[in-house]
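One chain, chain A, links the two complexes that follow: it is found with chain B in the first and with chain C in the second.
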Partner chain A sequence: MLTKVWSMAHQGLQAIEIEVEVNVASRGFPSFNIVGLPTKAVEEAKERVRTALINTGVDFPSKKITVNLAPADIPKEGSAYDLPMAVGILLANGEIVLDGTKRYFYGEVGLDGKLRHTKGVFLLASLAKEKGVKEILVPKLSANEASVVSGVRVLPVDSLVSLIRHFREEKKIKALKNLAGKELIEEAEVDFDFSEVVGQEQAKRALEIAAAGGHNVLMVGPPGSGKTMLARAMPGILPELTEREALEVTRIYSVTGNIEPGGGLIRRRPFRAPHHTTSKMGLIGGGSKPMPGEISLAHRGVLFLDEFAEYPRTVLEALRQPLEDGMVSVVRVAGTVKFPARFMLIAAANPCPCGFLGHKKKECKCLPGQIINYQKRMSGPILDRIDIHVQVPFVEVEKLRDDVVMKENSLQVRQRVVKARKIQEERFKNETVFWNGEMKNKQIKKFSELSKDAERLLQQAADKFQLSARSYFRIIKVSRTIADLEGSRGVEYSHVAEALQYRVREVG
Partner chain B sequence: MKRDNWQKGMVGEEAAAKFLKKKNFKILKRNFRNRYGEVDIVAEKNNRVIFVEVKTKFGEGFGEPWEMVGRRKLGQIKRMGKIYLSQHNMMNSWCRIDVVGVWMKDGKVEKIEHWEDVRSVDLRI
Partner chain C sequence: MKDWRQWQIGNVRFNELPMSWRRIKPKIEKLYYRGHWDEQLFEKVIAVVGSRRVTRYGRRVVEMLVPGLVKVGYTIVSGFMYGVDTLAHKVCLETGGRTVAVLGSGLDELTPVENDKLYSRLLAENSLVVSEYEKNEQARLWTFPQRNRIVAGMSRGVLVVEGGLKSGSLITARLGFQQKKKVMAVPGNIDSGMSKGTNWLIRNGAVLVSSVEEILAELGEEKAEVKVKQMQLLSREERRVVDVLQREEMEVDELARAMMIDVPQLGRLLSELSLRGVVEEFNGKYMLGLDYVD
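On to the complex of A and B.
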């Protein structure tokens, strides 16, 4: 008896429809074989499925069972094929009968027949929508991921028992209510509020500009000056995720298994802070079966690299292409996989190994050679891709105590940022970019009309500081964002003057 | 000693065959053997061909009879089974492997137990 049910495999973020064929033959010795390039986790499904069916009270056929996962040339990974295999055997056994409707079955089965949280359900729901499949059956704990995809009936399955009763029409499983993504989006949870950071007005201003225009930032300063705190306060001033962004982020998180059981749409802008011992693949993504790395997990959010100069050089250099393109393409023998990686980079570093170079009161103990070596770790091309460079100087102790000036909190800053982003949204309606930080030269020329005196100032600066072509355009980009924050249509003298402060500078 | 064990085994197999006949199994062949190994009993019931391994046990020690049939032995029986089927033009039949344990005490059969389809209990073999 041959039965067929449908499921899904994925390569990177791309979903592929998989046909699970189960043949139960009444001849030969009893056996259970899986073909179609199963990896270990799939191979082990035999034991799970068999034990689960027996523990559910179903007769496991003492027959020759062959499972084929087609197309047979795509490697099948993970435990999600447990459910389609179990359903195939139930069908062959005559325990349940399905009508002709095409459905997807997906999920890991426990030995007791209960379904476990399985990664990738959001992808399954998207695939179902794309292929016009009306119904998907997924583990209850993962079903929420699928609930934001409209037009697909999501049936949350608790256990094999409830699945059998559903198809025997004894007790129907209630389809999950479709949720509108918009209602789910939440404000970011932040460790720090901007008002908690003492002093550092310039750095705060720089971060505000960065948030408004999606620029990358490098903060340089002595230890303990508040670099990390500032970065951690960053999510609080960024606008909430839009629905489209949330769906993109959820896709990545679903595939990597970063959604906790019961969780649904990713509602908050990602903030990723990998340690500086993170490997190149951990950061960029990859592996023999390519998986997204930290930069993709930071998609539409913030990637915070603390102790920027401590990262191995090869790791930092690998950031070049993603920073430029907003995505990574990982090429392996098995094929090419593309991961989106449109993130905001916030980097923090000390100016020298001891950290006190340029300090007002403390002396730097480093040798010139050491300082050069240290600063050389951050290569020109990487620094060149960071629009805003800002000093985060030491805060004097007296100031910590007496600072009674009313400080702005994150919410006030965010309101300005949101306003600036609205302007950009309107501006880039028909363009491929979203933020000022992503503008290419073409868009810069089109949207950033400099006033006469602003133009003259920039020209002077370019002559005086020997600005490269890239730096030149970068300053215009930052000026554009500063102008947007002010709500100004054109880019004026004062905007360019401020932007000039954030160019690359030799420290010390 | 070797010969001794063999004789004792024969007594057990005899008892097992009788036991199976009583349970309405049709005995097709006893001691099917060639250079690859041996199957103690080939039987048939309800259109299913059954290859039976008989384990005879004297005294209390050394565990249960079915524990004495390991992966290697089961693999051998399966291989022998396939040979039997092909020799008798029965390749399309539905098969299984059973174990019959015979307990002996003072030269008499004390107890017989029958485990059906032992291979399905652990399909990795």
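On to the complex of A and C.
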């Protein structure tokens, strides 16, 4: 007897509808075969499904069973086909009967018949919505991911037993309540607050400007000065995710299995801090079956590269294109996959290999030659994408009196950031860029006209500090953002004067 | 700029050396050189030496003292090592002076490799690189102190800018004493490791110097003309920055706290003041600029 149920495969972030055909032949030697380009994980589904069904108390047919995953030319991988195969066998066996409506089945089955957390459920729900499929059956632990997609009935399945009882109308599974993404996002709290970082007023101000204008930042300072803490606080001062952004991020996290069991919509801006030994593919994305890398996981959030000087040159070079385009294309012989990667880059580095150059209390133990080499590694084209450069000195915390420490929390800073971003949205509504940080020379000329004395100041600075043409324009961009934070239409003297503090300079 | 390798190596035998150099013990059998051998270069010579690791303070001292010496016609001699040596050569060239580098290796053995460009620049700007070693001889631990006797021997005086207690510049200073040269040292904070050596020297017979005028007086020069510096007009806010920095160099955050103003406002002040040369920034710390006079 031939049965058909529906499920999903994905290539990168692209979901594809899959038809799972199960044929239980009345003749032939007992066997269990899967065709349709299954990988090892799919192939092994045989054992899981067989054992799970037997342990659920179902009579497993000792007949020739053939499973076809159509379209047969797309490689299938992962364990999500366990459930549709099991359902197909149950149907063929006559254990359950389905009405004609189209449903998606998706999920990994354990040997005891329980359903496990499976990645990609959010993608399934989106596909269902797109194709007009009204109902999806997914593992209970993953069901929350799907609950934010409106118009789709999500049935959280806890085990094969409850699935059987559902279709036998003995005990119905209750559909999950649809949740409004917007409210979920508003409820989310900042997980690391600005006020927790003591001192570092200049660095905080730099991050505020960066957040307001979407500029990338380089922080230089000795170990223990709070670079990582500052970076962690960054997502909290960025505007809240919009619902659309949250869905984009959730999609990436769902596919890569980065949503923990029971988790739902990603409500906070991502913060990713890959180690400097991360491979190029791990960072950019790739693989024979391309998967998103760290930069895509940082989409709409913050990518923090600590020990910036330790990253291999090739890895940093690979970051350039995504920084420019806001997405990354992974090209393979089999085809090109695009992953979104619109993130803010925060890089941090020590001033020298030992880290204590210019430290108040500790002496730097590096040889001068080592320092020169170390700083050379930090230069190069990637630095051209970083507008703001800030020193993060060591702070003797016990010396700070409470009354002089600025205790502004993330929400207060965020309000100013949001205001500045509104101004930019208005400004760039007919342009291809979104924020000041993304402005090209053309837009800089169009939108950042300097007042007379501001221009004179910048010219003076260019001579005195020997600014390159690139840094010259970077300072204008940062000035524009400072002006926006102040709500000023034009870029004035004071804005440029402050922006000069964040120019990229030589250390050492 | 011509690469230094393209310059011919010349040599001078003992009998051809300037008289004062022949007194150097152990005696210099033969001296190799690259560049312009010009006896005038050796008339007024001062050695500027210091540690390989140079602090902000050391850098500032060199930048304050060397230009003044160059302007009254002194040739700066040093050891071409990184740190104070390299800085002294560089500052000398930047002021338009001439300098002599005494290598601790053969003339074809570039030590340290970072000074590749400086080597060429030195030759291009009428200066001299000398060594008593065969051109391919590598630097050893003992060749550096050995060449120090030449550094001291060529000069009227030895100026030690910075150095720890075991630093090579103390060897140069000791050789200077032995050769009856004026040994001068710039004092430093007693808690700074890089000033322990110079402070020790001052306790043990070196002359404390803190300005170009004092150095020139020690070397028996007539009173030199003092550089006229421009008075700066400061606003009240700028005045406060200067007042605070006069006491101590500071990071931006510290300065903001000391002045009780917010960082953006302070940033504007500092940019303005740096452009006018009233303050200077180094490694995130602000201090008063060299050209600033009250």
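Methods note: the second predicted complex is superposed on the first by the 415 of 508 C-alpha atoms of A that agree within 3 Å, B and C clash if a C-alpha of one lies under 4 Å from a C-alpha of the other, contacts with A are read in each partner's own complex, and residues count from 1 in each chain.
Keep this in mind: contacts are C-beta pairs under 8 Å (C-beta built on N, C-alpha and C of every residue); 3 or more make two chains touch, one makes a residue touch a chain.
On a predicted model such as this, the values are computed, not experimentally measured, just so you know.
Note on chain A: of its two partners chain C and chain B, the one contacting more of its residues is C. Contacts of A:T336 after superposition on the shared chain: neither chain B nor chain C is touched.
Once the two complexes are laid over each other on the shared chain, residue contacts for A:F29 go to chain B alone; chain C is not touched. Applying the stated contact rule after C-alpha superposition, one finds that A:S62 touches chain B and leaves chain C untouched. Within the superposed three-chain model, A:R50 lies in touch with chain B and out of touch with chain C [touch as defined at top].
In the superposed pair of complexes, A:L500 makes contact with chain C only, with no contact to chain B.
Of the two partner chains, neither chain B nor chain C is touched by A:N441.
In the superposition on chain A, none of the residues of chain A is touched both by chain B in one structure and by chain C in the other. By the touch criterion given at the top, residues 199-202, 204-205, 220-221, 351, 357-358, 363-364, 367-369, 372, 391, 393, 395, 400, 404, 457, 460-461, 464, 482, 494, 496-498, 500-501, 507-508 of chain A touch chain C in their complex. Chain contact summary for the complex, chain C toward chain A: residues 52-54, 56, 82-83, 112-114, 193, 251-253, 256-257, 260, 262-264, 267-272, 274-275, 283-285. Of all residues in chain B, only 78, 81, 91-97, 117, 119-120, 123-124 touch chain A in the complex they form. On chain A, the positions that touch chain B within their shared complex are 26-32, 46, 50, 60, 62-63.
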